[in-house]
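Shared between the two complexes below is chain A, which has chain B as its partner in the first and chain C in the second.
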Partner chain A sequence: MKRKRRTEALSAALLLAPFMAAYALFFLLPAVQTLYLSLTESSLTRTSAFVGLANYDTLIHDPSFWSSLGNTFHFSLLTVIPLTALGLVMALLVDHFTGGGKRAGSWLQGAFFLPYVLPISVMTLIADWMLQPSSGIVNRLLGIQRAWFSDLDWAMPVVAIATIWWTVGFNMLMFLAGLRNIPREQYEAAALDGARGFAVFRHITWPALLPVTITALVLQLIASLKVFGQTYIMTTGGPFNTTRVTLHYMYETAFTQSDAGYAAAVAMAFMAVVVALGLLQAVLLRKRK
Partner chain B sequence: MKHTPWHWTVIAVATALSLAMLWVAPLLWALSTSLRPEYETILPTLHLLPREWTVAAYTKTLAAGNVPRWLFNSALVALLVTVVTMAISLMAAFAFSQLRFRGRDLLFGVAMLALLLPFEALLVPLFRTINGLGLINTYAGIVLPQVVSPVVIYVFRQFFDAVPNDFRDAALLDGASPLRVLWSVYLPMSGNIVWAMAIVTFIAAWNNFLWPFIIVTSNDMMTIPLGLTQTYDAFGVRYAQLMAAALIGAFPVALAYLVFQRRVTQGLLAATGLKG
Partner chain C sequence: MAQADVQVVQMWTLLSGGDGARMRALIDGFNAAQNEVRVESTTLRWGEPFYTKLITASVAGAGPDLATIHLSRLPNLAGGGVLRPVTAAELEAAGLRGADFLPRQWARSQYEGRAYAVPLDMHPLVLYYNKDLAGQAGLLDAGGRLKPIVGMDALTNAFRAVKERTGKDGMTMEAAQSTYAIWRLWLSLLAQQGHPVVEGGRFAYGAAGERTLAAIASWFRAGYARAGQDYPASTSQFMAGNAGFMINGVWEVPELVRGTRAGTIRFKYGIAPLPQLYGNASTWADSHGFAIPASEGRPMRPEKLRAVLKFVAYVSQHSFGWAEGGHIPAYRPVAESAAVRALMPNAEYAAAAANVVYDPPGWYMGAAGPLEAIASKFLPAPLAGQLTPADALRRFESEAQRLLKKRPPRY
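What follows is the complex of A and B.
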């Protein structure tokens, strides 16, 4: 028996080795290195002096960092609630038109979800073309000539709207799964009690969807905080850095200014925010169980 | 449940139709633009359909520039990422689920740490590692960091945990090695979930922008999402051609989604932990 145990542990080691090697090299090591780098003065390729908390001291007095964090939250504010609410509405619609021989539901689902599978640069190319100042279809339909991406008031909202179009399908999917998990009997019992229309939604659907809603909100908030590609491609952070988000600032610091130590400090601050939100979600959901 | 008052039905139909049209319109507009001759895209009057239909934008895009090369890179990278991720994740999940060894739960916990920490925050040291290994602008450099996918392991482990132990014990008693048991007992049973995760992994790898953006500098090594951001330089402002390039880049993933719709949704839901 002991012999068998040993062969089992050996095969486990063999089966785990490839993943664990990749995991250590491309995740654990970089995680530890980020922390260490943030305590040094380093270029992109060379680590030089250990400087303790100096980078963090710079960080809390750095208006560029705070404005990038502000922009990140601005983007999140414009996306998180619309994406969650719209995802719910779309899921309710798809569900409404599904079943009982109705095929419209799956067509709807396809229409809402398709943009989600597009590469980011396909999304940005289409948005850019639609929003061209003179030949873009949006300005033509509105009869104006606005340069949306360099407009101080509109640059961020436009990136947010494009993002909502692009990613809402995923939230719809989560709500749809939540809806399909609600036992049919609950609806039948409610119908017997004479509940109709909105009352059914309020007393059955909504309470059942609350955990999904919390999950969707937090996942969306984390996803929105990680925004980089959209703003980088569409506005390159402009106009006047009003769409330069935290990851963009980190990227610039590391890869164009080659200040890897400071970029690592920015990364640590960013990581702290995301981890705190992840833990918040875990706590919120556990309380409900 | 379906005793909906009639005015709700009217509202539902109207909202569904207008939202669906809004969501499809940008893609149709891109398609319509791509089927025009270039001069038509800047005509002062707006025509929703091309006045002169042509596929010139597509033939030009495919003939000139790097688009075919980028497509090849994307296909190779996404395929490699998918195959390697599936292989190493299945093996690891099987060990975590079915084999007994010391420190198993601790190791699993460590592996799941990555679900909490954002990959984006690790870019700087990750770049240094790949650079140190001399893998900048190589397929290995693009592929390797993408094969670490704890969420896939999590999903596979949950699946393996749900399989009755009798299957494993019977096979092990017959003297089969664990790898053999994984291959010929568990894998055939997990076909659906493996396919679902593979398709989702493929689409994610095809669409990955951030990592290739960091690690690729040479035009020849770019994947399509990265390459498309360079097309302004390559084509100038030629919108029919830009839209053609965009739609060519979107075609493989859109097709994968339309063909495997159920598996894509199943895989994504499994990955968020909402459905096993």
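What follows is the complex of A and C.
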């Protein structure tokens, strides 16, 4: 018996080893290195001096860092809830048009999911074409000549809308999976009891989907906080830094200004913010359940 | 000669468009002219990505054998240990001497007394004008050339005259967010008033900075020019005949020559040096140069070095082809030749060379450098009325302050 347990432990360790090794090599080690880097004065490739917490001291008094953090929250505010809600609505639509001889569902599912497979460069290119000041289709339809990406009021919302269009397909798939996990018997029982329409959604579908919703919100918040490519390509952080998010600021300090030590401090501070928010959100949402 | 003896030189350039095509022609000419060296060039994206890649590759020992750089970045690259110095003896072996190059460009290739680049050209800002529109606005002399414009008011009046008499925009220039042209013009006009942007690690432009930026912005606010246009939009506005003037670097010359030849440009154009708007006629310029990455831990073999410099000497001696791209060659035997002096339209703005100012030295200066990148975010904002000139400069300084305080990075 004892011997069997030992073999089990051994095979478990063996099976886990590749993952643990990869995790240590590609996550833990770089994370520790970044932490160390943030305590030094470093250029892009060379560490010149250990400076303790000096980079963090600079960070606290750096208006550029705080404004970039504000912009990151602004983007998250504009995307997290719409992306989750829209994903749910789309999943319900697809589900509604599926089964019982209806084939529109899979067509809808494909249409909703398609943008998600685009690389970011293609997505931003399409958005850029559509939003060109003089030739873009959006301005043509509206009969105006707005330079959306350099418009103070519109730059961030436009990036958010493009992001929602691009990524909402994934949330839809998550909700769809959740929907299909709800036992059909529950709906049949509810139907026998005379429940219909919104009542079915409120008392059966919605409670069953709550765990998926929580997961979607948490994942979406983390994804939105990590926004970089969209603003980098579409607005380059402008007009005058009003759409420059924290990762973009980190990129600028590391690569344009060759200040890797400071960029590492930005990265560590930002990681702390993301982890804290993710945990807080998960705890709050679980409690309500 | 056996195939194995051919030295292959890997070169990275940031030259695209007309410049890229011309450099390609020079490389092809060199490769065809002899069979000991073959140059293979890779064109990378202009600007910050190019320099980041050059810096990291060189430090990792994986840099190319040769790179084209902007001389304005030399203090940053040479001071950071990215480039390998070239001695006078090494140059001489390739048939080049420092005295062969125009003094200003040669001086810009030095760092702490050593040469880190071989200058190729100089490209100042100039004033392009549409002769049809400027003529209608009464701005040309009997010979069809632009009447002298002196002073900020005179230039503003010229823009206004075009707008009022022709209905077309007075001028066009790149002015969207994150564009460098406004910084270059601003730098020129501050130099015309004798103010450096940075001196002794501090911003030194004072009240002139705000005044000058406000004057530039006034052209846009008054409707003589369009704010928010990016580079392609601004040049095509001029090429399509929809603007009286264009402030841009000389690198748009080939496009005008080509367009005229192909019949796509249906107006006569002229080019003048940037006018004297304040105390003198200073004009921003930069230069391309050839530099050898240090590629740490992988020092260049002597035969490779000879091959590299042989190519550099060839391009210098054949830089007439480069001059056709609008640039002013740095190699004196070509720059001072009758052929280049007679080259049109270059001859129209050749006088600008006497008044050029480069970015002041500093590790953060130069083309697509850290300071320029920050300036490019804030300086265009007053043109669109998004910030007041004072506010734009305050934000620029607040963000750039950290750079000025930082020690120059050693890569």
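Following the convention adopted for this analysis, the second predicted complex is superposed on the first by the 250 of 289 C-alpha atoms of A that agree within 3 Å, B and C clash if a C-alpha of one lies under 4 Å from a C-alpha of the other, contacts with A are read in each partner's own complex, and residues count from 1 in each chain.
Heads up, the rule we're going with is that contacts are C-beta pairs under 8 Å (C-beta built on N, C-alpha and C of every residue); 3 or more make two chains touch, one makes a residue touch a chain.
The structure presented is a predicted model; accordingly, all values stated were derived computationally and were not measured.
Shared-chain residue A:A22: touches chain B; no touch with chain C. Touching more residues of chain A than its counterpart among chain B and chain C is B. In the overlay built on the shared chain, the residue A:N241 is in contact with chain C alone; chain B does not reach it.
Contacts of A:Q33 after superposition on the shared chain: chain B is touched, whereas chain C is not.
In the superposed model, A:P183 makes contact with neither chain B nor chain C.
In the superposed model, A:L44 lies in contact with both chain B and chain C.
Legend: residue contacts after superposition of the two complexes on their common chain; A:G52 is shown touching neither chain B nor chain C.
Of the two partner chains placed by the overlay, neither chain B nor chain C lies in contact with A:P207. With both structures placed on the common chain, the touch criterion links A:P63 to chain C but leaves chain B unconnected. Of the two partner chains placed around the shared chain by superposition, chain B and chain C are both touched by A:F255.
Residues 44-45, 255 of chain A touch chain B in one complex and chain C in the other. On the side of chain A, the complex with chain B involves touching residues 5, 8-9, 11-16, 18-20, 22-23, 25-31, 33-34, 37, 44-45, 89-90, 93, 96-97, 100, 104, 106-115, 117-122, 124-127, 129-130, 132, 134-135, 137, 140-141, 165, 170, 173-174, 177-178, 184, 187-188, 191, 196-197, 200, 212, 215, 219, 222, 226, 228-229, 233, 247, 250-251, 254-255, 260, 263-264, 267-268, 270-271, 274-275, 278-279.
Across the interface of their complex, chain C is touched by residues 41, 43-46, 48, 58, 62-64, 133, 147, 149-150, 152, 235-241, 252, 255-259 of chain A. Chain C makes touch with chain A in their complex at residues 48, 52, 55-56, 59-60, 80, 176-178, 228, 364, 370, 373, 377-378, 381, 384, 386-387, 392, 395, 398-399, 402-403, 406-407, 409-411.
Against chain A, in their complex, chain B makes its touches with residues 1-5, 8, 12, 15-16, 19-20, 22-24, 26-27, 29-30, 33, 41-42, 46, 87-89, 91-92, 94-96, 99-102, 104, 107, 110-111, 113-118, 120-129, 131, 144-145, 147-148, 150, 153, 177-179, 182, 203, 206-207, 209-210, 213-214, 224-226, 228-229, 231, 239, 242-243, 245-247, 249-250, 253-254, 256-258, 261, 264-265, 268-269, 272, 274-275.
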